[in-house]
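Both of the next two complexes hold chain A, though its partner changes from chain B to chain C.
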Partner chain A sequence: MQVKVEPQSSGTAVLRVSGRLDLLSAMTLRQEFTKVVAAGQHRLVVDLSAVDFIDSTGLGSLVSGLKTARMAGGDLRLAGATAQALTILQLTTLDRVLKPYKTTEEALTGY
Partner chain B sequence: MAQPALLEVLHALLAQFWAALTGLALPLPDEQRHRFETAVIEIAGNVIRYAYAQGNPGPLEVVLHAYPEYVEAVFSDGGVRYEPHDVPAPAMPRIVAPGEGDEQTIAELPEGGFGLALVRRAVDRLEYERTPDGRNRWILISTIRT
Partner chain C sequence: MPGELGPAIFLSPHYDDVVLSCGGTVAALVAAGCPPLMVTIFGGETPEELVGDFARWKHRRWGYESADAVLAVRRDEDAVAAAILGCRTRWLGYFDAIYRGERYAADGDLFGRLKGVEAGLIPLIADEILSLPEWAAGTTVYVPLAIGGHVDHQITFAAGRLLAARGITVFAYEDCPYAIHSPGGIALRLASLHGQVGPETLVAIEKTLDRRIAAIAAYTTQVPVIFHFTADMPGAIATHARRIGGALGAAERYWPVLETRSTGA
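Then we have the complex of A and B:
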């Protein structure tokens, strides 16, 4: 898994994740969320369009990012989730708090 | 087998499995493939983390079967016995509607520990047994609906 952070204007950042978000990589993403929020970006968009696979641990890291962002007064939005990512989000009902947006642009609109 | 290699091999194995099924004119709907693959990787992750925990890795055997009525994954490992009582009951995130104590609910959301609960929702059957020769055996079944 790889993460590329793209700070936007005024406290917003896009995290472009690629590869597999699973028990081997979840901790890295978790730490990335902590770093980004500590640096002052607390409205986060996680672009999942290049993520091949997410497991429950990977999903847990997104929940952790959501909590970190919310505690700083921000939020976390998902963008471009692939079919497998949408499946695991729906099976866990986490899609209700990690609402998937179709594209990063859509997620950034009015953020 | 090292952990990264193990999951790598499993994803590759599943890709071959789906290709073979398509070749046999038994293609599964995308949604069902995603559910089955999710369940297979979750069980493998559980074996890596719990059965073979504490830096004591060991072999995991995974056999995939396809029948006209269902697909099945059978896992066998020589790690420690799975004790449901030793681990917290698998709980799915409980989510209330937005506005109903939203922030508090989010702070309480689990960040893990719901892998097996997820597996139960992803496939039609999940079985576990400790075999007489002291191995763990997990079986996943996903029914083919035509």
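Then we have the complex of A and C:
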């Protein structure tokens, strides 16, 4: 898994994640969330369009990122989730909390 | 052991189920030089939006105000129990049934029919077990039989059935304390499975019974709730284990999950 961080204006950042978001990579993403929020970007958009697989531990890293962002007064939005990602979000009911946006542009609108 | 001595993964729907039901077997595997892995399936970190009235009531009953506080203490307890047994642990990220929206909003729902949409969780869990770093050829998997019918136990059993259908050796364990306080539930569950499991097999645990009881006691927030029917948890565990073991002394009970193709719970 790889993460590319793109800081936006006024405390917002897009994290473009690619590869598998699973037990082996979840910790890396958690650490990335911590670093980004510590750097002052607490409104996060996670672009999942290049993520080909997410398991439950990968989902856990997104929940962790959400909590980290909220503790700093921000939030976390998902964009570009693939069919596999949408399925696991719906099955676990996490889609009720992390409502998936179609694109990063849509997620950034009004953020 | 019910299976051959070798790598083993015990699936625990919640943080205490394997220790409550199979702690003696886990400790015996450790003593035999094959420390197993204990995997908690529904152990994920939960966003507060998923904590509804029912979950809040559960939290108060356990003495906690938030899902984060519950998770922290449950993981601490699990780590202590695993250390007592000498095994390794992993916590997957699925949410406990009490946090899955309006699907299960009362105790009656938790011990009822699995909501249809949740069948989709079964292959996800099975695949996640197969992709664990600890997975090795010849691994034996242990799942709850789902005596008592808790939905998370049903899902975990169904994941075990799916693994068995893929040629993996799977055993279902006797869910304690359900089997202790409601022994009639065993026959009911077996009847409902229509031959999906084979004849019961026993594992002698007299030498590791004390370790199982000590590990159960590590779940300090749960013991008063789940052993509400007795003030003597160690006595209840030992009496049940020796009753089913008979001439073997204390024992734990398992059923082989058969290689059938259906994946229903």
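Everything below uses one rule, namely that the second predicted complex is superposed on the first by the 111 of 111 C-alpha atoms of A that agree within 3 Å, B and C clash if a C-alpha of one lies under 4 Å from a C-alpha of the other, contacts with A are read in each partner's own complex, and residues count from 1 in each chain.
Here is the rule we use: a residue touches a chain if its C-beta (ideal position, glycine included) is under 8 Å from a C-beta of that chain, and two chains touch if they have at least 3 such contacts.
All values derive from a computational prediction rather than experimental measurement.
Peer 1: Chain B versus chain C on the shared chain A, clash or fit?
Peer 2: Result for chain B and chain C: clash.
Peer 1: Check the residue A:91 against both partner chains and state whether it touches chain B (first), chain C (second), both, or neither.
Peer 2: It touches chain B and chain C both.
Peer 1: Identify the partner contact of A:24: answer first if only chain B is touched, second if only chain C is, both if each is, neither if none is.
Peer 2: A:24: touches chain B and chain C.
Peer 1: Return first, second, both or neither, reflecting whether A:83 touches chain B, chain C, both chains, or no partner chain.
Peer 2: Touch partner of A:83: chain B, not chain C.
Peer 1: State whether chain B or chain C is in contact with more residues of chain A in the superposed arrangement.
Peer 2: Greater contact footprint in residues on chain A: B.
Peer 1: When you line up both complexes on chain A, which piece of chain C, out of 78-86, 132-140 or 204-212, runs into chain B?
Peer 2: With chain A aligned, chain C clashes with chain B through residues 132-140.
Peer 1: Can you pull the chain A residues that chain B and chain C both touch?
Peer 2: 22-24, 55-57, 60, 63-64, 66-67, 87-88, 91-94, 96-97
Peer 1: Which of the residues in chain C come into contact with chain A in the complex?
Peer 2: 44-47, 49-50, 68, 90, 92-95, 99-101, 103, 117-118, 120-121, 124-125, 127-128, 131-133
Peer 1: Show me the residue ranges of chain B that touch chain A in the complex, using the header's touch definition.
Peer 2: Going through chain B, the ones touching chain A are 3-4, 7, 11, 30-31, 34-35, 37-38, 41-42, 45, 48-49, 92-93, 95, 97-98, 103, 105-107, 109-112, 114-115, 118, 121-122.
Peer 1: Within the complex, which stretch of chain A touches chain B?
Peer 2: My answer: residues 20, 22-24, 52-53, 55-57, 60-61, 63-64, 66-67, 70-71, 83-84, 87-88, 91-94, 96-97.
Peer 1: Name, in rising order, each residue of chain A that touches chain C in their complex.
Peer 2: 22-24, 55-60, 63-64, 66-67, 87-88, 91-94, 96-97
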